[in-house]
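Multiple structures follow.
Here chain A shows up in two complexes: once beside chain B, once beside chain C.
This part shows the complex of A and B:
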C-alpha cells in the first residue's frame, strides 16, 4: 500500500513551484486561448451559418470545443514528457530510482499540484468568464455536473497512464521519434479532442470506439453537452474505468520492465 | 569578396554538422519518420474534418493540403537555416554565447551556421508528395511562371518565419529568456496558418497580414496559385510575399544586431 501522505508532499511542492514560475502559466494560457480561437473559428466555418449539422446544434458543438480546450489545458499542465525522457537520457533518473518511492506515482501527484495551480489561477477564471458572457449549453442538473467532473478526472488518469508508458519507452529505445508522433496523433484525433467521434467516417468511429483514447476527451465533452445522457453516462464511465484499469496495468508492466533495465549512459 | 568567403565558410560548417549527425544514423532516420508521421497526422485530421462538411470557408480538402504543404516546405528550409536561433537564450544564460563574439566573422552568421538540422528531409519528402498528389487531383498546370512564383513565395516564407525566429531570439539580449515566446507566438501562429485565414475574425486576419505577416507564408501565395479569392484583401496581394519576407527579415536582422550591441555577458 503506498503511503499517500508522502506523495501528497509532492503535490504541495509542485503547487508552490508553479506559483514561482508564473510567467510560464501565463504563456501557457495564452497559447491555449489561441488554439481555442483556432478551433472555434474552424467549427464556425464548418457549420457556415447552419443551425445544426448531423443532429448536433451549432451551440452544442461550440460548447464541445470549449470544454475540450479547457481539458486540453488541464491535461497539458503536468510535467512534460520530454523532461522525464531527458532524465533517462542524462542518467539523472538513477538518482530517483534510488529513492524509496514509486516514480510514476510521484510524478502523478506532482502533476496534481501543478494542474491545480493552473486551473485555479488561469483556466477557471478565463473559461468561467466565457460561459458567463456568451451563450453556451451548460449541464442542467447536478448529476450531469458530477459525472462530467468524474469523467474528466478518469480521462486525466487514462491520459497519464498512456503518456507515461510511452515516455518510459525511452528506457528501451534511445530514440523514440516515430512511435511518439503516432501516439500524439492518436491522442489528438482518436480522443475526439478536436473532432467529435460522431463526425468521423463510420469505420474510423468504430476504430476509435475500441481504443482507450475516447475516454480522455470525447466522453467528458459529450457528457457536458448532453450528447451522452441518462443511463448512457454510467455506461460510458464504466467503459472509462475499464480502460483505466488496462492502462494502469500497461504502465505497471512497462515500468517494471524499465526499472530493471536501466542503461545509464555515461557522460 | 566577403560574400563568397561567407558562402564557402557556411558550406564548410554545415558539412561538418552533417557528418556529425550522420554518426547517429538510426536516430536520424527515426526523426525523419517521426516528422512525416506528425505531418501526415495533421493531414488526416483535415480529411476527417471535411469528411462530413466538404469545405472549410470555401476551401476543399485538396486545396487545404496544398496550403499546408506550402507552409511545411518553407518551414523545412527555415529549420535548416534559422532554427538554431531558438536556443540563443540557453547560450546566453550559460555564457557560451561569448565564443561567437571572439571570432573574426559576423556573429549573426556564425551563430546561424553553427548548427544544421538534417531532419528537414522529412519536411521535403512530405511536401513534395503532397504537391504531386494535389497537382494531379486539382489539375494544376505548372507553367514556368507559376513554378517561379511558388519558389519566390517559398523564399518569402522562409524569410518571414526565419525573421520571426531571429526577432524572438533577440529578446534574449534584453531579458536572457526568449524560448517561452516561441511557444506563445511562433508555434500557435504556425498552427493557425495551416488553415485558410478567411475563417478567422477580421482582426486576426489583419494581424496575420500586417503585424506577424504569416499570411504571406502560405495563404496569400496559395490563393494566387489555386485562383481562390482572399476576402478583405486585394486580389493580387500574394505577389508581395517575397518583398514582405525581405523587409521583415531585414527588420529582424537590425533588431538582432541592436540587441547584440547591448549584450553584456552573464559572466557565468
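This part shows the complex of A and C:
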C-alpha cells in the first residue's frame, strides 16, 4: 500500500518549485491566451455570423473552445513528454529506482503540485474574468458543475497515464520523435480539443469514439456546455473511467517493462 | 560479521549490434542483432560491518555495474547478492532504506529546489523522525559547513558544495551502508581533503560500512585499509593495501642523471628500464641489492650529477597490475 504522505510531499515541493519559475508561468499563460484568441477567431470565421451550426449555437461553441483552452493549460502544466524522455535518456528516472517509492506515482503527485499552482495563480483568475465579463454558456446546475470537474480530473489522469507511457517508451527506442508526433497529433485532434467530435466526418468520429483521447477534452468540454446532459453525463464519465482503467494498466505494463529492462539489461 | 556478501556474481548486457553501410541500416530496421557483453564475469567478496573498502578498477572494469547490483537497480545474471540481509533486486524499496548512495558524476538532489528542501523531501521519503533529522542536520552542518548554501538551489552550487550536500543527503536516514561512486571526482585539493575527513569520521563514529570506487589513489591510501581490485569483470586482488605495497614496494627505481651518456650501463642487480637524454631509470629489487651498492657501482664507472630513489606509489603499483595482471602469491 503506497504511503500517500510520501507522495503528498512531492505535491508540496512541486507547488513551491513552480513559484520559482514565475516567468515560466506567465509565458505559458501568454501562449495559452494567444491560442485561445486564435481558435476563437477561427471559429468566429467558420460560423460566419450564423447563430448556430450543426445544432450547436455560436455561443456554446465559443464556450467549448474556452473550456478546452483552460483544460489545455491544466494538462500542459505537468511534466511534459519531452521531460520524461529526457529523464529516461539521462538515466535520472532509473536512478530513482533506488528510492523507496513508486516512480510513476511520484511524478503524478508532483504534477498535482505544479498544476495546482498554475491553476490558482494564472488560469483561474484569467478564465474567471472571461466568464464574468463576457457572455458565455455556464453549466446550468450544481450537478453539471460537479460532473464537469470530475470529468476534467479523470481526463487529466487519462492524459497523464498516456503521456507517461509514451514518455517511458524512450526506454525501448533510440529515437523518440515519432512517438512525440503521434502523441501530439492524438492530443490535439482525436481528443476533440480544437474541433468537437460532432464536427468530425463520420469515419473519423468513429475512430475517435473508440479511443481514450476523447475522455481528455471532448467529454468534460461537452458536459460544460450542456451538449452532454442528463443520463448521458454518467454514461460518458463511465466511459472515461473505463479508459482510465485501461490506460492505467497500459502505464503499469510499460513501466514494469521499462524498469525490468533497466534492472535486467542495464541502463 | 559480513554485512555485504557477493557470491559468484555475473552480469551480462545485451548490446544492439550496429550494422555498417546502407544494407546494414535497412536490415537493422527489421531485425536487430545483439551482442552479449559480460560486464561482470565472476566476482565474490564479503565485507564486514564498519569496513571502508576501496573498489578499484580501470574504466569499464565493472565497478559501477557491481554497485548497481548492490543497490538493486540491476539484477545479476547469476550469483547471489546479499546486502544487510536483503536481496537488493528482490526488495528494492526495502534495500533503499539500508543504503546511502552518492554518485560523483550526478547529483541526486532536486535540481531546482533550494538544498534544504531536498533534505526535507528526503526526510519524508525515508520517514526520518524530526528528532533524528535535526540531530543529523546539526552534525552534517557542523562538519560539512552546509549552512553556507542551504538556501541556494542545487543547480547554483559549486561542485564541492554539491558533493557535500549529496553526501549529507545520502546519510540522512542513517543507512548502515554507504556506496560512494567517485566521490572526489573533479574536486580541488582542499575539497577532496574535506570529503575524506568526513568519510573517515562517519565511518569511525557511526560504524557505517563504506564501499568506495574511485580513480584517485590518494582516496584509497587515505581512507581504506582494504582494496578490491577488479579488471575485465574479474577480481584481481582483494586484501590489505599495506600488503600489496609491501609486495610491490620491493621493486624500486633509482633515477640517475649522468654527466655524459654512456653507450650502455651494466649493473649487478639493477636494470635500466627507461632512458631520456642523460637520465636513466634503473629498476632494482630491494631484497637483492641495496640502493647504496647500486650507486657505488655506478659512480665507479660514471660521473653522477644527481640521483633519487623512488618508492612506487600505490598508483603505479595498480597501473602495473592493470597492465600485467596480478599473479597471486603462492602460499
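Operating definition for what follows: the second predicted complex is superposed on the first by the 262 of 267 C-alpha atoms of A that agree within 3 Å, B and C clash if a C-alpha of one lies under 4 Å from a C-alpha of the other, contacts with A are read in each partner's own complex, and residues count from 1 in each chain.
Simple rule for what comes next: a residue touches a chain if its C-beta (ideal position, glycine included) is under 8 Å from a C-beta of that chain, and two chains touch if they have at least 3 such contacts.
Bear in mind that the values here come from a model prediction, so they are computed numbers and not experimental data.
Could you let me know whether more residues of chain A are touched by chain B or by chain C?
B
Looking at the overlay, what does A:5 touch: chain B (first), chain C (second), both, or neither?
Only chain C; A:5 stays clear of chain B.
With the two structures laid over each other on chain A, which partner does A:44 touch: chain B (first), chain C (second), both, or neither?
first
Now for A:95: first (chain B), second (chain C), both, or neither, which partner does it touch?
second
Which holds for A:201: it touches chain B only (first), chain C only (second), both, or neither?
Only chain B; A:201 stays clear of chain C.
Using the superposition described at the top, list the residues of chain A that contact chain B and also contact chain C.
Dual-contact residues (chain A): none.
Going by the contact rule at the top, pick out the chain A residues touching chain C in the complex.
Against chain C, chain A makes touches at 3, 5-6, 9-10, 13, 16-17, 20-21, 90, 92, 94-95, 97-101, 262-267.
Please name which positions on chain A make contact with chain B in the complex.
23-24, 27-28, 30-31, 34-35, 37-38, 41-42, 44-46, 48, 53-54, 174-178, 180-182, 184-185, 188-189, 194-195, 199-201, 204
Within the complex, which stretch of chain B touches chain A?
Those residues of chain B that touch chain A are 24, 26-27, 30-35, 37-38, 40-41, 44-45, 48-49, 51-53, 55-57, 180-181, 183-184, 187-188, 191-192, 195, 198-201, 204.
Please output the residues of chain C touching chain A within their complex, sorted ascending.
11, 13-14, 39, 65, 68, 71-75, 89, 92-97, 99, 101, 103, 106, 108, 110, 112-113, 117, 120-121, 124-127, 153
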